[in-house]
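Encoded as structure tokens, the structure appears first; notes follow it.
Chain IDs A, B, C, D, E and F follow the sequence of writing; residue 1 opens each chain.
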Amino acid sequence: RPDSMLKKNEVGVVTGLAWTSVGGEIMMIEVNVVKGNGKIQLTGSLGDVMKESANIAISYIRSKAEKLKIDPDFYKDCDIHIHAPEGAVPKDGPSAGVTMTTALVSALTGVPVRREVAMTGEITLRGRVLPIGGLKEKTMAAYRAGVKTVIVPEENKPDIEEIDETVKKNLNFVFADDADTVLKTALLFATEPDQLLKEPLIHSGVDRNIKPALDTAVITQ
Amino acid sequence: RPDSMLKKNEVGVVTGLAWTSVGGEIMMIEVNVVKGNGKIQLTGSLGDVMKESANIAISYIRSKAEKLKIDPDFYKDCDIHIHAPEGAVPKDGPSAGVTMTTALVSALTGVPVRREVAMTGEITLRGRVLPIGGLKEKTMAAYRAGVKTVIVPEENKPDIEEIDETVKKNLNFVFADDADTVLKTALLFATEPDQLLKEPLIHSGVDRNIKPALDTAVITQ
Amino acid sequence: RPDSMLKKNEVGVVTGLAWTSVGGEIMMIEVNVVKGNGKIQLTGSLGDVMKESANIAISYIRSKAEKLKIDPDFYKDCDIHIHAPEGAVPKDGPSAGVTMTTALVSALTGVPVRREVAMTGEITLRGRVLPIGGLKEKTMAAYRAGVKTVIVPEENKPDIEEIDETVKKNLNFVFADDADTVLKTALLFATEPDQLLKEPLIHSGVDRNIKPALDTAVITQ
Amino acid sequence: RPDSMLKKNEVGVVTGLAWTSVGGEIMMIEVNVVKGNGKIQLTGSLGDVMKESANIAISYIRSKAEKLKIDPDFYKDCDIHIHAPEGAVPKDGPSAGVTMTTALVSALTGVPVRREVAMTGEITLRGRVLPIGGLKEKTMAAYRAGVKTVIVPEENKPDIEEIDETVKKNLNFVFADDADTVLKTALLFATEPDQLLKEPLIHSGVDRNIKPALDTAVITQ
Amino acid sequence: RPDSMLKKNEVGVVTGLAWTSVGGEIMMIEVNVVKGNGKIQLTGSLGDVMKESANIAISYIRSKAEKLKIDPDFYKDCDIHIHAPEGAVPKDGPSAGVTMTTALVSALTGVPVRREVAMTGEITLRGRVLPIGGLKEKTMAAYRAGVKTVIVPEENKPDIEEIDETVKKNLNFVFADDADTVLKTALLFATEPDQLLKEPLIHSGVDRNIKPALDTAVITQ
Amino acid sequence: RPDSMLKKNEVGVVTGLAWTSVGGEIMMIEVNVVKGNGKIQLTGSLGDVMKESANIAISYIRSKAEKLKIDPDFYKDCDIHIHAPEGAVPKDGPSAGVTMTTALVSALTGVPVRREVAMTGEITLRGRVLPIGGLKEKTMAAYRAGVKTVIVPEENKPDIEEIDETVKKNLNFVFADDADTVLKTALLFATEPDQLLKEPLIHSGVDRNIKPALDTAVITQ
């Protein structure tokens, strides 16, 4: 049973790409943000490196809160839960860094994630995107799941040539060297914030009524 | 001595289904919610994945508190204890996710659980129900214990054909792809909330005087 | 040197029954409750399962506080220490659940425990009593120590036939399927609460001036 | 270099007796009590059982605070440090229970300890004194160090016959079945409290101006 | 793909030098300081010794806060995150002490770091710089990455002769025996504080409007 | 490269003596005390016994605060960091007890330490100094580093005869049986407190304007 894309654009859920001994795989990241007192929970049998990635993503967002139109006090007024489903499968490595960053920004701003976008890349504390392994296998999994656009670290550009021809033809590639490019590509910022806010969101605790200071990305193949 | 069903519909106790090397088994989940200060206790020799399932269930319910008519501050005004009896038997895996979710919602709302319903399924942070293993053995155990209805992840539908014919004939199957379906099937929502509240409950700390925004499920074989 | 019974009825001390590779044994459980701020201490080289039993016992009592005439705030206004003497001997398993429950209720209410009663049984979060192993050896140890009445899980009834004839003739058996039966059998509730309170107790921090809502058990052989 | 007794009666220092593979030994227990906020520190390479003994001793004293004329709030207004010198030598077992109890009561009341008394025995939460091993070796060490009186658990009476004749002739034996007997024997309660308080003590944080409700022990050979 | 220098002078990012079994390497240290409540996070698969280095750097800066024009309350009013990118690569040892100290001072004062400077050296609690290993390999990596100046512990002066001739010719060497020399060499203190503050910084929570009491270092080959 | 003495008398830095498989060594102890909220940090790859020594030193000083003219609230108004440089070298054992005690008293009072004094000895909670091993190797290291006076536990007096003749001739030996002797020998108490306070100290958070109640030691060979 191959993994499949989400049925609609959702808030706080991002399609990541994982690489195991048996090939590439879709790995969803889910984030819930609720009113609380600053507790962070990380579940899904995450290894130490992946847990560190989650904390790096949170610290990065805190340092950019103003720019992202996120209440800078969210770290103490909310509880944040980051989960990678299929909880019995151990997961590790830094390459879900951009995925967790995007899911967190989506959950904290209420901006939905484009369901047809998948991504992979290590994030640093200052928002740089570092290269990852298994690009060939990961993009194959993305293609099979029906993904249209994959976000890939800029330093992985040379690895593109190893990718299967069919996969290469059918996917848009966005090369990112920083988190800005990732967020602009994956998040569905409304032309007008008012439009975004028509439909009430299920999660609470975060104001999301101002358009973030990022331009909508132009995705080119 | 085969495990048996509860003698009456209770609040905070749900019949789960476990799968061990020697076959399927009934595995009760008990939840106590009392006034407190936000402590969560997990007992019953639970492994790490199962403990994570419990925390995922709690986070999911927090994100849906309003819809479920649960005071969203329950996480800090109550102490929650989740227990899987037969405390010396080690238990693990994500497939008690729906069972713990249901027991928690029952304990937090005061709505009793249908004693003749058993269930199995992984829960995600956003309430999706993911497939599990051992369906054949688990449903056999449910049948032997006298269960009438089993709730099964929708993605496990193809595994139905491996189930014993007698078991298949004697059990109602409810396929769930999200927590809503599980809760509607298992919880005994009163036609009128007033009716529900006639009998005072033993646990305290949670208002339960409004009918949740879920319709009673229609169970079809 | 065989273990022996207490010399008089005491508050907060209950005679349990343990089962080791060399036979059955008396295992006392001692509980001290003092004014404090909610700390729970468990000592006596207790294993993880036995520590969980202690926490299950405390949660159960919290959920029944009103019925047991115990101040429901005891969990935050008292410090509770549960100890199993002979501190160098490792102890584990769930079968001291009823013993710890009884010792806690005694310490929290000030009601003395009948010194001639011993007990064994797993407790669940909702107060059900589950079966245990080693009944033959445990009852032999009870008999040798001079115990008159043993409380045994109802589901262990079939194991009675394996018990030594002399032991069976000389002990009263009380079969319990829930904590109520255990407490009614082991605690020495006064006919009149005023009578109970004549003699001041050494421990403090808990009001114990109202008769609990349990009837005195009638013990039949 | 054999261990030796203290040069004068001190507050908060008690001579214990330990038993190792190479024979008996003097093992001092030192206690400092200072104004603080309830922190308990245990040092001297203590094993888990010995750390539990320390906590049992503290809980026992809390439950008897009024009788011992100790401010019952000491557990939250003081910091307590219990140390067993020769910090590199691992130490374990429950038999320093009475020693730690005595050192704590001395430090908390300001009553000095008789320097010529040594002791060994497990303490329970209710103050019972349980038997220990290695009595022959321990008393030999006490005799060599110049100790005059040893306090021994009452249940160890039968082991007296194995003790070396010279040791037996030169030591007073006090058999204790509870902590009261230990404290009355080892602590130097003044005939008049005023007398005790002439000399200011170095430690602070605890009132010690009322004579405890224990009679001075009469030591008989 | 050799590591490369940053593209511009940044705040809170410093180029360190690491030594592995396969040669020297550039190892960036990133620091984020945001308003918070005193939490310290250390990520990047850091070993115990390297984590201790980070805490030593923070303590050193706290003891020099006044001199460095840093609000001495930063330890409780900010959250500090120190990260070493390439999160899956385990890193350890004390030789990033000066790098972390410099990145912290930069982040806390808002003073940018000279991008063409790299450094290595253990820091002590009092700011002394202690010698490190692998100087030959580390300076080779610095040279290859385009670094112009390397800061080296004074006690490593004798090791200079083992360095490759080309490397020696193309790098400026600054020998430091204390943190002052390191900070003066690496931080880009403005001639006039007003000049420094023209460009608003992305991180917040720290006033940085006074010129620190350190003179700009004169770098000599 | 042999270790060397400090270049001047400093506050909070004391020269200790360590003993490893390859001989004796100088081991500095550095202490920083800053305003804070009672956090204690111990770094330098310290083993459990050495960490306990640090806590014993702090407890001892708390119990003597008044006599040492130290604000007794320092434990909750300051943060204390104790570090043993050369952070990658594992260190353990109780023999740095006196060194840590002296460095702490120096940092807390602002009284400088005589740079030409080195020391070794276990400290107990009541300030007794216990014997240590490796005296021959430790004093050799002291002599080579240029130390003038070594403080040695009184119970190590018999080991003096094993010390190298040249070492013995060139070092002053001070035998200490308690912490008082150590502090009087190593700390540079001013004849007049006013004199001491002329030069402002770099660390803050502690008043140090009263002369401690210890006499300056007379060092005799």
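One rule holds for everything that comes next: a contact is a pair of C-beta atoms (placed from the backbone, for glycine too) under 8 Å apart; a residue touches a chain by one contact, two chains touch by 3 or more.
Everything quoted here is computed from the prediction, not taken from an experiment.
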Mind listing the chains that sit against subunit B and also against subunit F?
none
Homomeric contact subunit C-subunit D: same or different residue positions, threshold half:
different
Euclidean distance of C-alpha centroids - subunit B vs subunit E, Å:
53
Taking the mean of the CA coordinates per chain, how far is subunit E from subunit F in Å?
31
Overlap residues in subunit F, where contacts from two or more other chains coincide:
none
Examine which chains touch each other and state the graph shape they make (line, ring, star, complete, other).
ring
Starting from subunit C and stepping next to subunit D, in what order do the chains sit around the ring?
C, D, F, E, A, B
Show me the residue ranges of subunit C that touch subunit B in the complex, using the header's touch definition.
48-49, 52-53, 55-56, 59-60, 62-64, 66-67, 72, 75-76, 93-94, 97, 122, 124-126, 128, 130-131, 155
Hey, which residues of subunit E end up touching subunit A in the complex?
1, 10, 12-13, 28, 30-32, 34-37, 41, 43-45, 79, 81, 83, 85-88, 202-204
